[in-house]
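Okay, structure first, notes after.
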Amino acid sequence: MTATRTAAATALAGLDELDDELNRLYRHLHAHPELSMQEHRTAELIEQHLASSGVPTFRCGGTGVVGVLENGPGPVVAFRADTDALPITEQTGLDHASTATGTLPDGTTTDVMHGCGHDTHVSSLLIAARLLARAREAWSGTAVLIFQPGEETAAGARAMVDDGLWDRAPRPEVVLGQHVGPGSAGEVHYRTGTAASMADSWEVTMFGRGGHGSQPQRCIDPIVQVAHTITRIQAVVAREVDPARSAVVTVGRISGGLKENIIPDSAVFTLNVRTFDERVRERVLASLRRIIAAEAEASGAPEPTITELSRFPRLINDEEATARTMAALAEHRGGSGVSAAEEPLMGSEDFGVLGEAIGVPSCFWFIGGTNPDVHAAARELAEDVPGNHSPLFAPDPGPTLPRMVEAAVVGMLAFLDS
Amino acid sequence: MTATRTAAATALAGLDELDDELNRLYRHLHAHPELSMQEHRTAELIEQHLASSGVPTFRCGGTGVVGVLENGPGPVVAFRADTDALPITEQTGLDHASTATGTLPDGTTTDVMHGCGHDTHVSSLLIAARLLARAREAWSGTAVLIFQPGEETAAGARAMVDDGLWDRAPRPEVVLGQHVGPGSAGEVHYRTGTAASMADSWEVTMFGRGGHGSQPQRCIDPIVQVAHTITRIQAVVAREVDPARSAVVTVGRISGGLKENIIPDSAVFTLNVRTFDERVRERVLASLRRIIAAEAEASGAPEPTITELSRFPRLINDEEATARTMAALAEHRGGSGVSAAEEPLMGSEDFGVLGEAIGVPSCFWFIGGTNPDVHAAARELAEDVPGNHSPLFAPDPGPTLPRMVEAAVVGMLAFLDS
Amino acid sequence: MTATRTAAATALAGLDELDDELNRLYRHLHAHPELSMQEHRTAELIEQHLASSGVPTFRCGGTGVVGVLENGPGPVVAFRADTDALPITEQTGLDHASTATGTLPDGTTTDVMHGCGHDTHVSSLLIAARLLARAREAWSGTAVLIFQPGEETAAGARAMVDDGLWDRAPRPEVVLGQHVGPGSAGEVHYRTGTAASMADSWEVTMFGRGGHGSQPQRCIDPIVQVAHTITRIQAVVAREVDPARSAVVTVGRISGGLKENIIPDSAVFTLNVRTFDERVRERVLASLRRIIAAEAEASGAPEPTITELSRFPRLINDEEATARTMAALAEHRGGSGVSAAEEPLMGSEDFGVLGEAIGVPSCFWFIGGTNPDVHAAARELAEDVPGNHSPLFAPDPGPTLPRMVEAAVVGMLAFLDS
Amino acid sequence: MTATRTAAATALAGLDELDDELNRLYRHLHAHPELSMQEHRTAELIEQHLASSGVPTFRCGGTGVVGVLENGPGPVVAFRADTDALPITEQTGLDHASTATGTLPDGTTTDVMHGCGHDTHVSSLLIAARLLARAREAWSGTAVLIFQPGEETAAGARAMVDDGLWDRAPRPEVVLGQHVGPGSAGEVHYRTGTAASMADSWEVTMFGRGGHGSQPQRCIDPIVQVAHTITRIQAVVAREVDPARSAVVTVGRISGGLKENIIPDSAVFTLNVRTFDERVRERVLASLRRIIAAEAEASGAPEPTITELSRFPRLINDEEATARTMAALAEHRGGSGVSAAEEPLMGSEDFGVLGEAIGVPSCFWFIGGTNPDVHAAARELAEDVPGNHSPLFAPDPGPTLPRMVEAAVVGMLAFLDS
């Protein structure tokens, strides 16, 4: 048994006792989600909980919170949990389902839901911190606990770095993080190298000439223009991307017009483009620009405007750091429950920004949130389980949360002295 | 010179003196537009002005106002002005441009604009009423002045009738009305028989299965479904309607999704269908239903829902009433400025509901609002002048308003004793 | 009874006796259709039949035949029948259905069918000529019988004029013609002024970059480009044409690629555009050019080529000539069976080229080909009866052909001396 | 040096001397391509050449030829070259470019081109056979040389098996084959396991109701229906396939209508679907069926017909046989010029049918045909070099053909005794 395994066994011995609290935290967070960069109450809850664990904190990047758990000399390791939720109307029917609302940047009021599982990230890291704080005898060094806002908008990691994260927290030798998703509960999947896709998001405004719905010939209809453009865009992935490469182009939002008998002056849609290969990314973005411009011309309309909403860089898992982390996890689990994924995740992450800012390696993994008793073959059933960002997304907290705590504790101990 | 002409000359002698007031009324109304069935301040202004003219009023259909100007024995004639404005962001740059906002039935806040010229309808009928009230010696009978709310939603005429309009006001022998639009200022265009189109409006909700924008294969994308449906719908007018018949299908609003990286569960669009022929109408509506259902099937999606938003009946101008009104107008104008239109208006109106409810004939005409000095050939230029429902729609009040007052006065006097 | 009516009664007295021959002629022509400008056997049959009626002929414009029936001094009148058939596979199931084939200009072999009723035009004019030739005592003057090839391609009238038609035949004072179509059998419909639409036909070639069907990313797919363009084009009629005006844009042919697993270098489609108003025509053609160019740009493809296939001018019926012809027809029919059509025909004709070439007035009418016993209300049923160019198009010869002979005879006699 | 390497050196010593003949064979075949299952003259040439090498042959599967080169006791190995060409108009501008024509199954005449490089397959295998026949002292066993027709239609391998291939030829212990394509000349790329995609081809006929191009309202337009369907189909790959999986849907042919002013009764397109995963294949095919049916419904049209044109199974390279073949090739080449491909080829092959019919392992590899002097970095330039099935596809015979001969000889010797 390695020292890491022994230290982990010591720290995690207290987990059963905290199980109720872990679940209460999760349920509370789930019931009170907040939109990106507006995680005010979430930040306060994190500060209070870390304080009650004896971990000093500082605010960083607006609603970001950093806890610094010092425990004598030794290595510094950072672990990040993201804290924001999404503009989704929850449909899970859970007791603790969200009824919260929030305001989007454009002023729209929306329902809000922890539809990406960040509530499990926050609650499990808070309990992991408490366990490490209680088991100081088992390890030495410093754990930097980063509760990052605004992951969904690719704004939060950058905001924390820009707000002096690494001037104010000790410089770690690795930054770790995890993400819940479909898959057998607690099962860890990882990738070395490219672990998650690049993502570019645009807002496209197409212009026309408004007027009475009865006189289309005196107008230029921007809604028909948008419909043709969205239709046309499907051919980019279908016909312009090497079938052996991956790309996704999603139109996540359309909006235009207020009244059925008025042709509006403009209409808007947003695009989200995911790729792994820079050449594929450039081609897809160029083709989208070409089609958007040409469809406006086909309508005899003014040139559309394209505004970049966010740009997620590629997430690269360091080979050595990943090997070390996964070895520790596998050892702790007796050799099972950790496997390399065949393909990188189409999802995107701004996690990598944290380590890259100071040239420190990253390791980020995915952890299943489906009850293994229910889903014997999670891989097979993956298509039927509601995924992240679905209004039905509901990880099974019973089996999942303790294993997320465990993964966080073991991951950090793999780099701390023990 | 006929008696009508003499009476009209007497009544209209006071028009010059009221010109400033007419313009002030118009500018005030233009600057303070209110959405359909929410015309509260407009109704109060109408009540006050009619009262100051000595015309008693009653409320009817919520924000509707009826003035009953009794002047001895004789015929009863009704004249209707509609009072509501539209959810449009005004772009005219006028001094008196609207900065008002309002709340749509779905809770959305919107800018509001008198983008259909109802401000000219209200202001000119208020001044016409004052002129008739001042010139009681020139005529006898009763003028029923109907200020109707909610024309744009086809709700107001029905609401007034249902609220006992004809139980509370004397039964007229004709109902008159006018509408401003592009065309040489003050020029009257009329149609006998079908004068304006039928209009059917639907809200269509298409369903999918939401999820993460990176995993389209686990979702059913309702935005792509809507884009294909709107694209497909263009073929109805292009390929299914007899080219010798008229039909317009406008998608006036699209809406779906909140965030660029979430595939939503549903998306919505509204349809506005204009036709003159019941067989064409039935075919177009049936084809739209067929396409909407089939495009959902093509997506493997649940059946869409179709909600009727409004249904404007066809507007029929009575042959005899129209001839009588137009003859009086032409006589008053010395034979010019009144002409039969070649085709009925694609616009729609709920005006016809008022007379039809009690089997009384209707006469409704269109009056140009463009400065004839500027636009020598309004017909030729019609395509370049911003039309009704455009954010740039701006009738030229100088030449237009007095002729609208004149047309209202002469029209009513054509049926009153004089 | 006018002189025309008397002369017509005399000439048409022989019609019953020729009824069998009329039907045989029609059935023979129907069974042996020939494509445009290839009407060789049809021309020979016409020459033989006219010769057997004692009418001298000359060839003109390749497969065109002109018969000149001189009968003393007096006016000259011309009557035109078009002789060509269409590349359609007949599906009428008639005994005399066509099994003929022909070769299109591009070398394609096709089935051929008299799908536009020109067989009725030829057979009825041949019998009309025989009747006039037999009843020389009843009239004087000259009848010029023009059997014109290539109407369907807008090539034949021009070819005859260019081949010296009016140098070789006496100059008439009017050119007459008729066309069979849906409608109560024998019922004549006419229009003064614009009688049939303008028609512009284009062949559009869109280019891509060919390659293996498994490597779309290395190709530019011209078939997807064509599909999007045809889809996009639907919005021209639906959104860019004043609903009160008529326009039709038909894609009558698509062609591209030879093998399912090869992406071809190019694909082709043809467009047929029908309009009545020159401004509408120009806008539609400009919009089509704009869309075709923009859709190629949207594909990142080379500029498409557009080749004009044919251009049918508008057909104008002279007011006086039409009134005279229709008065004679109505008189002959006892006042019924002749009516003005509400709208001009969307179909197009090169008939007008003949008279315009020498500044002589034209009169062209439509004659129903549906059995009135079967179709009591042909107008109502019009949508259900297979129309011209349908593979099921089948005028009912029993009642139709004699009335076409009658109309031709009466029409000519209206201008000849009698 | 292994025995295989020694034997190969012996056999290939004669290659330089045959270089002219190799090139002449290739040029002749390139100039005289024949369509699938019509390779009559190609078969005769193969028979003559094998005979001149002293290899007895038999016909099998119509235009297939099998040469059986017996050389004493020992293992039996089969090598297959496919012989057919494609309906492409060659645009290479080569001296030996094809001017041949052929007749497709539907009777269409087409230009024919060796656009997939089968001419290099045939010529190199003929020379390989001659070299082996001349160097009998260097090896023992039996080489079965299979010249297979109709690879492009997935018909030929099946036809040979059904015609008793394995009853008439000795049963081999492995079946080998190679395919030329873009890539550095002579460079061998291979895959263990899935080596090429499954491919399903359909012909889809969509029905409408034909008629005159001026009366779309009386018709159901099948061309608009096809355009919408092709447009809609793009969303299958774009939205329904897991981005981590590969799928291609190509519409390789469209056809409908004969004349621009006739709306036809039907229109046709072909689909070619490539996948590697049976679940992906089933989903894509099901989605295509769903969309095709729904788009017909959207048109109010009869149900389309779908005819299967061909079905290529997945090509599986046996692990052991592939390792053995590639080891021999690498050894012969001194360790370079042989590499494992990252992904299987999207192209499809019926090669696998030959071995699977008798449960014998297969090994199939790809060999580059680009001049390495010209294209230093063939991988980088791959997108710019005309690929297989392009009218510009032109492997560089100088460096390519000898290395294809070499690969065939070495591959066979890897299994023969030496």
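The first chain written gets the first letter, and so on, giving A, B, C and D; residue counts start at 1 in each chain.
Keep in mind that, in the parts below, contacts are C-beta pairs under 8 Å (C-beta built on N, C-alpha and C of every residue); 3 or more make two chains touch, one makes a residue touch a chain.
Everything numeric here is computed off the predicted structure, so don't read it as measured data.
Chains making contact with subunit A as well as with subunit B: C, D. The greatest centre-to-centre distance from subunit D, using averaged C-alpha positions, is reached by B. Averaged C-alpha coordinates put the centre of subunit C at 50 Å from the centre of subunit D. Centroids of subunit A and subunit C (each the mean of its C-alpha atoms) stand 67 Å apart. Once the centre of each chain is set as its mean CA position, subunit B and subunit C turn out to be 45 Å apart. Residue positions 214-217, 219, 221, 224, 228, 231, 234-235, 238-239, 243, 248, 274, 346 of subunit B are each in touch with at least two other chains. Subunit B contributes residues 214-217, 219, 221, 224, 228, 231-232, 235, 238-243, 287, 290-291, 293-295, 297-298, 300 to its touches with subunit D in the complex. Per the touch definition, subunit D reaches subunit C in the complex via residues 86-88, 91, 104, 108, 110, 115-116, 152, 197, 199, 201-203, 209-219, 221, 223-224, 226-231, 234, 248, 250-265, 267, 269-272, 274, 309-310, 345-348, 383, 386-391. Residue ranges on subunit C touching subunit B, taken from their complex, read 231, 234-239, 243-244, 246-249, 274, 342-343, 346.
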